[in-house]
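Handing you a structure now.
Order of writing sets the chain letters: A, B and C. Residues in each chain are counted from 1.
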Amino acid sequence: MQELQSAFWEAGRLLLTFDSDLTEIVLLSLRVTLTAVFLGCLIGFPFGAFLAVARFPGRSLIVLVVNAFMGLPPVVAGLFLYLFLSRSGPLGPLGLLYTPAAMIIAQTILVTPIVTAMTRQVIEDLYQEYDEQFRSMGLSGARAVPSLLWDARYSLITGALAGFGRAAAEVGAVLIVGGNINHVTRVMTTTIALETSRGNLSLALGLGFVLITLSLLINAAVMSLRGSAKRLAYV
Amino acid sequence: MSAERDFTGLEAAGRVAPGALLPVTLADVCFAVNGTDLLRGLSLTIAPGSRTVIMGPNGAGKSLLLRILQGLIQPTRGQLTWRRAWGEARGTEGDTAGSATDKHTSGAPPVSIVLQRPVLLRRSVAANLTHALRVLRVPRRDRAARLEELLTLGNLQDRRGQPARSLSGGEQQRLATVRALAGNPEMLLLDEPTASLDPQATQAIEALIQRSHGQGTKIVMVTHDLGQARRIADEVVFMANGRIVETAPAEIFFSQPQSNEARAYLSGHLVI
Amino acid sequence: MKNLITRRLVLATAFAGAALLTFAGPGQAVAADKPFITVQSTTSTLNSGLYDYLLPIFEKEAGIEVRVVAVGTGQAIKNARNGDGDVLLVHAKSAEEKFVADGFGVKRSDLMYNDFVIVGPANDPAGVAGMNDVKGALSKIASSEAPFASRGDDSGTHKKERSLWKAAGIEPSGGWYRETGSGMGATLNTGIGMGAYVMTDRATWIKFGNKGDYQIAIEGDAAMFNQYGIIAVNPAKHPHVKVKESQTFIDWMLSPAGQKAIAAYQVDGKQLFFPNADKAGS
């Protein structure tokens, strides 16, 4: 319990002194995770919407696989990607291993299934509602996707936030493909793991609080956008 | 009454443009779902120009007929024959200026439908209309002007920036109706559009319908409201149990219904 | 309506500002032009803090950035075999020699050593505190079945530990012998939580932040010395390795300047690593 108390103080100290190492680590974490969420949405929104409106043999199987991959263990994703990015692997010559780019790819792999699955659900519900009206205007199937996506924008935010949560919280993938190299690929979660392994539990917990606070702020900002929209019947 | 209509006279009078969509003829159209016959051998000609009202008890198949005309469902048997195919481009030689059918946007469905409960996008009033204009492929340079026309037509100028779903029921239906007119359709179908509206809202919708008709759009409307039918109909198609029981010009139908079902319906009895 | 626009504007500006800071903020130019090498090493070496002290000295002198990937010994060696590093720096001599023999390393050189200690709870259930005969101590721990937490992860430390049990003629097993399968820090955390004895390298122990009431119980036996080796990854197997920069680094580490710097690293006034690169070759 003493750890918990000193952890609060640590978190406070870190935040108030704008510890430069901490700033660097936080900015890198945000850069990696936000980019991964952006890419995950770039892929997941249209893919999920397509799955929602299209009907083709094998569709159920794809939906099943996408849903299952929401639970892909981050460390497994990291390991898998390592095998590709390693110098001994097929993408070795790209030299991506142990760079933030590799971490972004790893997190994108984790984020995309979540965004896809949630988008599919949201768009499917919306499509049912709009189907007749759209078809009467000559808008059917894949052509309806852009209209559906825009109309679902406030609900899709939840999918994006879920993806963000997953990426921000994971350590296994970025640890393997990033290498936790000081000043290069060290992010919040890997730092917490490192400090824990050094027995610096208060510091680790303090960093944990910083991470949670960051996540709270981002979620609050996005949800406030949605909250006001709800009052105005856009959801 | 499904006699062939002669259009030469109408064409000469400039009321109907050459190459128009209508009339459409239904020949023995049936629709069944899971083995149950819902429409049984409908044969009907829908001619341009008049206001056709479809009436009948619930379950008669009126909405299904509208949806078949809109192309939302396909008949399981029988045929629809349009005067021209929907996808064909239309010539404009010799057309009378001011006819709504002239300006129909090629590529967009020439028929649009107003449903009983309006389905509006989660956007503002104006955005709903611009979406329709875009989907119906109204030429880009005409969109802004057309938007203003539609807003004025529906008396929604003050509401243009408001979320469409926050409008009252009557306003929403006005929006849905002008949206249906966005692409200058040749035929406007309405499925009990004012069933849940108060008299004032109903009046506004009926005014839109009449105005549309005045500009040459064919009106086909399903309604339960006898008063509304009397106000609007030029001819009545009466259905029961998936069949067309009677068709007649409005005055004749209301004063001298020929069929038992029509008589029972008009005098307020349930038609089983 | 106005509220929504203003709020959106504020949020949009905030997001834009955050994005700018995140993607173009200070620290972005982790000199892509500055040459760097990748060293595969172990968590225990990293946790000792040696690299945080040593590498800035080298980088300033040579202008080469040294990026350390710290993982378990087995993983470090595997990574180096895959060519995902330019230099291998671990403490598992026989595995290192095999690495070179298999053609993945150019040459193994002794670099430095530190020693292992066995730490235990203040109440010393096996009565081994203060002993400097590790074989005898281990026998006492086994016979009293006092809890012992082992790394159990095939690391250099783990291999060392098993060799000591073997030297004492004991095959440790039973509920008292617990293999955590984790790194040094995690094993210490777990062991201390269980009141178990743990064998750890001195460096990690001195820097460890969660000691509880634990003390060093056994130390000083020569059998517990822990030899570090440094190896350049073989360009014949992996042509992309940075031969010149790696050699610069290795040469510096083995040079009098580098060795002196290693010896100078202290925690709590104690020297952790003892340079011994004098011997030629392995």
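Some notes on this structure:
Just so it is clear, a residue touches a chain if its C-beta (ideal position, glycine included) is under 8 Å from a C-beta of that chain, and two chains touch if they have at least 3 such contacts.
Since this is a predicted model, take the numbers as computed values, not measurements.
Viewed as a contact network, the protein chains form an open path, each link joining two chains that touch. In this view the innermost chain, defined by its CA centroid being closest to the centroid of all protein CA atoms, is A. One inter-chain figure worth recording: chain A and chain B are separated by 48 Å, centre to centre, where each centre is the mean of the chain's CA atoms. Here the CA centre of chain B is 79 Å from the CA centre of chain C. Mean C-alpha positions place chain A and chain C at a centre distance of 31 Å.
Touching of two or more other chains is recorded for residues 1 of chain C.
Shown for chain A are the residues that touch two or more other chains, namely 232. Those residues of chain B in touch with two or more other chains do not exist in this structure. Those residues of chain C whose C-beta lies close enough to touch chain A in the complex are 1, 3-4, 7-8, 11, 14-15, 18-19, 21-23, 25-27, 30, 38, 43, 46-47, 51-52, 67-71, 79, 81-84, 183-186, 188-189, 207-211, 238, 240. Contact residues of chain B toward chain A in the complex are 70-72, 107-109, 112-113, 115, 119, 121-123, 131-132, 135-136, 163, 165-166. Taken together, the chain A residues at the contact with chain C in this complex read 23-24, 27-28, 30-31, 34-35, 86-89, 92-93, 95, 97-98, 179-184, 194, 196-203, 221, 224-225, 228-229, 232. Chain A makes touch with chain B in their complex at residues 129-130, 132-133, 135-139, 147, 150-152, 154, 232-235.
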